[in-house]
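Labels A, B, C, D, E and F are assigned to the chains in the order they are written; within every chain, residues are numbered from 1.
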């Protein structure tokens, strides 16, 4: 096995093409993003991941923009460069303004800071939070 | 130095008491949470952290509930037990419903999964996301 | 100190050359990878790390391919680009097939997802797992 | 919303009971683990996660024991206490010996160490790994 | 919103210019680093982060070199490429020698290794450390 | 395999006893900490880890106190509860004052915050840091 390679639509199996078609229709795209082209090396994971993402990211109790911003917050915390780029674009497409992006990053930074302060000081959970 | 210990109001310096008073007033609490009682061992960090949290978490382009949910998303990603408990409570107080909590966790889980798929498959950033 | 620079064989001290020679012999390589050329800036860490890697990665109760796949799983979780590339190649050399890579990534993704669900829902350990 | 609470079989909806029954049958258990009882607060996530875990963890190109060991490796890297306990038990049930556990942890430790050495020394990827 | 863009001095608001001027004066620089040029998209976060960094990194009970080395240790653990580069330079400027860098990385690597061994073996805290 | 169990001195093999004796002599302890008692389940890892820790933590270009503080900084970043407790005690024993602990945690918190700001804003490395 060499470095993973993307699978383009023209070279894809019928199974993979069907997932690509569904992604393109759901998101109104002319071509799927690289993420899906690489996952296509494992058609089961491609299909399962797409079905899961479609279900999880659908507007429900939380709207699409909030969900994309949470995705971006997690991706910035984990430092996934690809995910920061793709979900940054998706959040903007869903309506995130530059001001909201700024506040989102401020919260992400602050949470990452206080998480470590709580760890390092060995802060016990307040009884009120155990109920 | 032994294990960090909390500093109760009665034992606090005037500088620390002033911060405690501001926290209690801003959040309508009878006593500050353990996090602040431990940070009080370093009064400068107590003051700076509280001033920063107050500024960052104030409603602005994002509302208070969204900010608390993002805080919770980061804390679950980092597995900070104290922070999950305290910001879970804060998010609920700010109006997060159980349904919203469920969807929030679903997004957090999915983002953590796909972050690693993007890493492992070494997916390059699409040119469209570089603009 | 500027940016760390690699130390090539021709420029290496006798101590570093000895480690390079051992790596090349053990792995049947004409030249050592960049990782070792950078570690060579600290000859003690170079030697200790190589001795440790050699002991840990030797086939034992687990075979070499399984060990390389675990290394890759950890590297994808931590998003170490260099390590994903080098241990991806090492795993393939040790016999990992594309199908196995696909299933490995699927497990890594799923574990990263459910780790956060367990964190966020504050799931207590079942008594059966405490024995 | 207070702290998440587990949902026992007797109190579960028909939708949740159906997932519980499938888990119990697939794993030959008298009761499901706490993880599922907490996820049941969000029936869609319960169902989706179980269907995904079932598909991902089924023996395929990798056997069940290897998959459980990879799960354990990721969980130890992320420090998910619940997941270390539950997947440690699952790996043992799937045949992992104490010697294999010891070697697994040795690889996990070494990978976490060298991941940071590669980061800190800013090691560029060897051209051979880019093919 | 497209990809975040840096804000150069000539294009900055008076509020942002004031922070840039303070950074340049405090660090004796002709221009601020990219980090600040990107944060300037959110002037409140720019100002707050600079004020916090200035306070935290000032020599006190710990000297400036030790603080920069700790910053570098955290950045290598989190794999923040930008931060490793910028704080590696800052640590060197503050007097870190190549030998100290080598020992720092060795400690960072070892801590990341034993952190996971402690996690995976589920080691309970010794009573002596609870006092 | 059940949950890992500690191996007490009286029950240890000669090989394990020899490592325990060396740890006790080097650190002037009456008994080794739990970490070593659990690692003893894998005598090779026990020996290798102890030899590595002894080499890495010995005073050199960095003094013992600085090394323990870096260990603590990494452990707080990774949220390893055992390691925070044990290396917090070790740092204190090596002379870390409460004021130094406070400043250490402040730097750790700030680094974790700005690491994510740099990630989220996708800040490119300044050319000056690439030399």
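Please note the rule applied: contacts are C-beta pairs under 8 Å (C-beta built on N, C-alpha and C of every residue); 3 or more make two chains touch, one makes a residue touch a chain.
It should be emphasised that the depicted structure is a prediction, and the values quoted were computed from it without experimental measurement.
Participant: Look at both sides of the subunit D and subunit E contact and report whether the same residue positions are involved, with over half shared, or different ones.
Facilitator: Same, since over half the interface numbering is common to both chains.
Participant: Any idea whether C-F or A-E has more C-beta pairs in contact?
Facilitator: By number of C-beta pairs in contact, A-E is the larger.
Participant: With centres defined as the mean C-alpha position, give me the subunit B-subunit E separation in Å.
Facilitator: 20
Participant: Distance from the CA centroid of subunit B to that of subunit F, rounded to the nearest Å?
Facilitator: Inter-chain centre distance comes to 26 Å.
Participant: Can you pull out the residues of subunit A that are in contact with at least two other chains?
Facilitator: Counting only residues that touch two or more other chains, subunit A contributes 2-4, 41, 44-45, 48-49, 52, 56, 77-81, 85, 88, 97, 99, 102-106, 108-110, 112-115, 117, 119, 121-122, 129-130.
Participant: Would you tell me which residues of subunit E are touching subunit B in their complex?
Facilitator: Touching subunit B: residues 2-3, 44, 48, 52, 55-56, 129-131 of subunit E.
Participant: Which of the residues in subunit D end up touching subunit C in this complex?
Facilitator: 3-4, 33-35, 38-39, 41, 45, 49, 52-53, 56-57, 60-62, 66-67, 69-71, 73-75, 77-78, 80-83, 85-89, 97, 99-100, 102-104, 106-108, 110-115, 117-119, 121-126, 128-130
Participant: Would you tell me which residues of subunit D are touching subunit B in their complex?
Facilitator: Against subunit B, subunit D makes touches at 1-4, 41-42, 44-45, 48-49, 78-80.
Participant: Could you please specify the touching residues of subunit D with respect to subunit F in the complex?
Facilitator: Touching subunit F: residues 79, 85, 88, 91-92, 96-99, 101-103, 105-106, 109 of subunit D.
Participant: Which stretch or stretches of subunit C touch subunit B in the complex?
Facilitator: Touch list, subunit C to subunit B: 72, 76-77, 79, 81, 84-85, 88, 104-105, 108-110, 112-117, 119-122.
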